[in-house]
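Before I ask anything, here is the structure I am working with.
Per-chain residue numbering starts at 1, and chain names A, B, C and D are given in the order in which the chains are listed.
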Amino acid sequence: MTTMIRKENLKTPLRWAQVGGGKGSQVGCFHRDAAHRDDNYKLVAGAFDIDAERGLRFGVDELGLDADRCYPDYKTMFDTEAKREDGIQVVSITTPNSTHYEIARSAIEHNLHVICEKPLTFTAEESLELKELAKQHNRVFGVTYGYSSYPTVAQAREMVQRGDIGKIRVIHMQFSHGFHAARVEDNDPGLQWRVTKKASGPTYVLGDCGTHPLQMARMITGLEIDKICCMRRSFVGTRELEDDGHVMVQYKGGAYGTLWASAVAVGHVHNQRIEIIGEKGTLQWWDEHPNQLMYAPINEPFRPLDRAMSYLYEEARFERIGAGHPEGLYDAWANMYRNMALAMAAADSDDQATKASIIYPNIDDAIEGVRFLEACAESADNESKWVTL
Amino acid sequence: MTTMIRKENLKTPLRWAQVGGGKGSQVGCFHRDAAHRDDNYKLVAGAFDIDAERGLRFGVDELGLDADRCYPDYKTMFDTEAKREDGIQVVSITTPNSTHYEIARSAIEHNLHVICEKPLTFTAEESLELKELAKQHNRVFGVTYGYSSYPTVAQAREMVQRGDIGKIRVIHMQFSHGFHAARVEDNDPGLQWRVTKKASGPTYVLGDCGTHPLQMARMITGLEIDKICCMRRSFVGTRELEDDGHVMVQYKGGAYGTLWASAVAVGHVHNQRIEIIGEKGTLQWWDEHPNQLMYAPINEPFRPLDRAMSYLYEEARFERIGAGHPEGLYDAWANMYRNMALAMAAADSDDQATKASIIYPNIDDAIEGVRFLEACAESADNESKWVTL
Amino acid sequence: MTTMIRKENLKTPLRWAQVGGGKGSQVGCFHRDAAHRDDNYKLVAGAFDIDAERGLRFGVDELGLDADRCYPDYKTMFDTEAKREDGIQVVSITTPNSTHYEIARSAIEHNLHVICEKPLTFTAEESLELKELAKQHNRVFGVTYGYSSYPTVAQAREMVQRGDIGKIRVIHMQFSHGFHAARVEDNDPGLQWRVTKKASGPTYVLGDCGTHPLQMARMITGLEIDKICCMRRSFVGTRELEDDGHVMVQYKGGAYGTLWASAVAVGHVHNQRIEIIGEKGTLQWWDEHPNQLMYAPINEPFRPLDRAMSYLYEEARFERIGAGHPEGLYDAWANMYRNMALAMAAADSDDQATKASIIYPNIDDAIEGVRFLEACAESADNESKWVTL
Amino acid sequence: MTTMIRKENLKTPLRWAQVGGGKGSQVGCFHRDAAHRDDNYKLVAGAFDIDAERGLRFGVDELGLDADRCYPDYKTMFDTEAKREDGIQVVSITTPNSTHYEIARSAIEHNLHVICEKPLTFTAEESLELKELAKQHNRVFGVTYGYSSYPTVAQAREMVQRGDIGKIRVIHMQFSHGFHAARVEDNDPGLQWRVTKKASGPTYVLGDCGTHPLQMARMITGLEIDKICCMRRSFVGTRELEDDGHVMVQYKGGAYGTLWASAVAVGHVHNQRIEIIGEKGTLQWWDEHPNQLMYAPINEPFRPLDRAMSYLYEEARFERIGAGHPEGLYDAWANMYRNMALAMAAADSDDQATKASIIYPNIDDAIEGVRFLEACAESADNESKWVTL
């Protein structure tokens, strides 16, 4: 019953490096798993740790790399690799947020493609600068909003772009969990820094959670935000930043909607949802059950569109396993890394048309996210006034 | 497996009349069904129709009333019945909205209990005046927000009032359907007047749909609104009034939330939902499946609390039929009419404590609804500024 | 948004009596509510109680009947009423199961239409005899399998009969609750007799629960059972009769399926479900959410068909209230009583075509139920051998 | 919000080979992905193809193996590798079913651990023989029933084994899809051989689908089947083997239940479900949403137990990614391969206690599956008589 389909991969894997992702990093191995899944990347170098010795041992002992390609820092790596014939072509950055900008900037200047964790930067200016730089160097700049690489999201995008649901009227975005409903940070230092301004920037949960459905809405609809109005609360009163926030959003062109991000929604597990209502149909997507896309044509009931079924568009048929068998977030990340690799190959052969046709979470998404968060903070701090992006 | 429980009824039914509800009225017979269900009311008189002759025939032929108690208009009825020893004690008003105020006022002045359709009046002043008058006359004034009389809603109210979910943080209210996503009013005159200001007042879907979950949130939580911010659209461009509206709500005491009302939500059937998130638990209620109340205690998963199960509070145990067998809106309306009858009996025997303890949708709910809609219109018409109620 | 539709009712209500249903009976008032809902019946007489005096007081005090029409027993009632010009036309029987046969027989012989609680009789012979007698007297004989009168069931029947799902292949029937998973009968005498052979007949849960989906499958598909194989258990070991039973069913014509009835299914509330799989489509119905019928055409996903929506067949459009608003079991019972009244009127005017076209749970359903239970007991008591009906 | 936890892996990967799984094989790469996920296996050799040249090129070009370890057939591989100091330690067999026996036998005789696709063999004798042989050689023998390695299944097993749901009463097993409801084999040669006896053995859908939930029930409950009764149909009449089958199952010790396998269940996507009802609780698992385990304690409602939540047992806490983020079948397969590796390491160090404590789908499961299918065919071919296993 299972028919496994794989989209074409690269003939030769890209030579890949990591900055960060060493011992104790959990996201580091998630990136490695995703990158290696389809053999489009081969990890050949790294600056895995701020502690150079520990990074070296990790690279050699855990990952089997050559010792001379386990570098003490990103600068040394970029400079040294640039001189090799077989030097790295792409780098993934999983360091603390405040260091993204300088590392990414240096990477592009060394002519590397970049894959960076979100949030990309703290200010929109920095992100815009990186975008411009990447453009000048013809480099691919991916940002790891991994949820957006499920086949069901691709199906939603195709349906919207082909006009299946007509002109969009209302968009609801939501990411609400309840893990931080009580003061759990006393035993969770990882949370402690997230709720403080200095480490986290202007927002906690709006950035940490809210930007995910925001990015997904953007990828699916292509709509741009005109202005927003935000109210937020720190329900656990000792927190400097919000643990719950609501935003009204008005898009250019007439559509509007809402975004809710919460860390205090008792009973909610993850609950990242997006609903897009058009004049001819409605789509609903829920990240806890990502193998189904709910669809209602006008005057008809909702029905689930299941991943891998023959009634889906070809653009959404990059499943790794037959219908019924569930895929998970790991598979979505592998899709994301593959798409980025295909775009990089297109860039390298200067095939701009192909490069432009490949969908992956990119720096424009990241820029919108940063600008959105700046506007949210400005609104919330000024009696929830409306702020134009 | 079925255990049917009925709460105590009145020993002698109240003598009841209708204004409106004659031939062609559909809500008229819904009121009669609900009122007669438990034999707490006996229909003895009516001014059923603006056409006196047609009203007379309806009362006599369809309802079997005495001809001399089928009146040409409400004034004649109130005056004449007041002189009878066995005159009416309570009247239900189901006439066009613009006439509610004068009929209700006259009814109270004739010392009648009043049950009135929503929206009660177009302005908050009128509603406040009726409230004051009813208080002076020791009359019960019910308003037919019928959804709020399901046992599951009573369970939610009890849980909140007893502190089961702790201090309330976030409230989401929603009533979204898709029946008017296209321009269907060309073939539906009943809709045509609803989307015009003159007949409908300052709002269409916010009033027609949105006030229902608003009333329910109020009944369950008792929270009062501080201020709101509203944006709305007429997506079908020929409509004078909104067919979709979003509201941000801030309550006194720190809770906040949102309300969404829509008539263009393709695929949604009714979708009246309410979610109440507290510091210790969350409740979710959905009117399409009203026999279940979803409940999540902190750090535990959601589970359905089923109507009539032994784990519910006694206050929610007024089921008419055993667990598993579904009840519907008709049963909820019968509950509403019964509770109003019990309150009327308490008022008549001047038992103010009992009267105050009985829960039913009342004139305070109606007043909040009117003030809410006034504020929504003011906000939406002024670039979605915040408006204090 | 609400459009209430009512199918035509009788111009003159049928003169109706009850045998049983007096003080302490809970099903008695359920019958009265359902019968009176649409004014097709008027209760004019009764033999409400085995205690004649108590029955009299109940009829006079609680129901407002004339004292001389509150009879000490059914025989007196049938004889006396037969002599009146305005005598009763129809009787509902809600007495202990063992008395159904003789009361129903006498009623038909007095030329009355009969509505009887299930199970109709303990043996198939008795039921067949009543059927023959009713036919001779041109009387309607209804049996109160009330679940089958939801509009969604009518929709399912229409879809099957019109060939929408093609030739039927598999039928799954289920009614599983968990209320008797432990030995609760010690505090529940009503359950005590149900699990003993003498009072209950050859089965407990197969009859009490299992015959409901059996009847529904029969009404929807019209298929006849060829043979069955049954295994059952008394998991609470002190019970004489089964509290859980599984049946394999083979229908004439090639379809087959299963039936599961349980009183020990922990966590299940009611869980009466039926699934009908045809070569071109599948239907699923669940009594806890009876306003939706799930439907999957071949190669397409399941979608809910909601009661009262315009895409349903006309035959399923007897809703009492608009879409979205839920109906409950009480509404289904009212539908059942109405359909029986329409059939009775057709019989009285000798309009056999109309009489035959009206769908309601009837004596053929009851006969199949009795024969099914006889076969189940025979199979289960003989090492689950196959038994032909 | 994400906490990724990984159970301990082997310090040195096992040297691993494949028989089958070459060009065009889809399951081959699924095994490689799963085996490589946690670095517990390193692919060093293979006999990938019946066409030796094609197998060689696949191993060298696609997998980067040394040419001299890409063998023309399994015999050569086993003999040659046995002589190397760094020879293979474990082999995965993904060849046609009819060849499993001889390859597996040879592998054990060469002292290799074995991982084999299901169904293991066509007869129970052969499977029993392999079991005995593996025991003599102290070899691990895994069979790839991959669904059973979800953390939620481990949670179910723990709950049953600790007595959380009490003594088991009823087990329902189901795997029903609708992909073959019509005669699709004309365009699908892969299906054509599955519905013929010669290639497939005595069953089609009972074996292809039904043995999965059968294995899962066995892993969770440890119950052994006493006897079964089976009925089956080829609804698409041109098929030699059944495309739908129902089985009644009686377990040793008093529990009983049903199994349904179908390829003609229109609208069902995969629908592998298992329900286990005990005297104190009920568990439900559904493979399309494998991150949730439904659980109802007696007298309480069902609630989802979500993967990775802190309320789960430690034995079920081998998640690869935090709660809310979904895992898929690929992750379950990786778990399966890891557990098998841990068992192999324990066997190699003769740590029998550890070896016995590790849960993975094993040869006993496979033996029960073969015996079950033999009994089903015997029953179905003899008027659905009861057959003792």
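FYI, contacts are C-beta pairs under 8 Å (C-beta built on N, C-alpha and C of every residue); 3 or more make two chains touch, one makes a residue touch a chain.
Chain identities (UniProt): A, B, C, D = Scyllo-inositol 2-dehydrogenase (NAD(+)).
Since we're looking at a predicted model, the values are computed, not measured.
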Please work out which of B-D and A-B is bridged by more C-beta pairs in contact, and write that pair. A-B
Distance-maximising chain from subunit A - centres being C-alpha averages: C
Between subunit B and subunit D, what distance separates the C-alpha centroids? Give it in angstrom. 57
When centres are defined as mean Cα positions, the distance from subunit A to subunit B in whole Å is 45
Residues of subunit D that contact two or more other chains, please. 269, 300-302, 306, 309
Residues of subunit D that touch subunit A when the two form their complex: 1-4, 6, 26-27, 29-30, 33, 37, 177, 179, 208-209, 263, 269-272, 287-291, 306, 309, 320-321, 323-331
Within their complex, subunit D touches subunit C through residues 165, 169-170, 172, 178, 181-182, 229, 231, 233, 235, 244, 246, 248, 250, 254, 256-258, 260, 262, 264-269, 277-282, 295-298, 300-302, 383-384, 386
Would you mind writing out the residues of subunit C in touch with subunit A in their complex? 299-306, 309-311
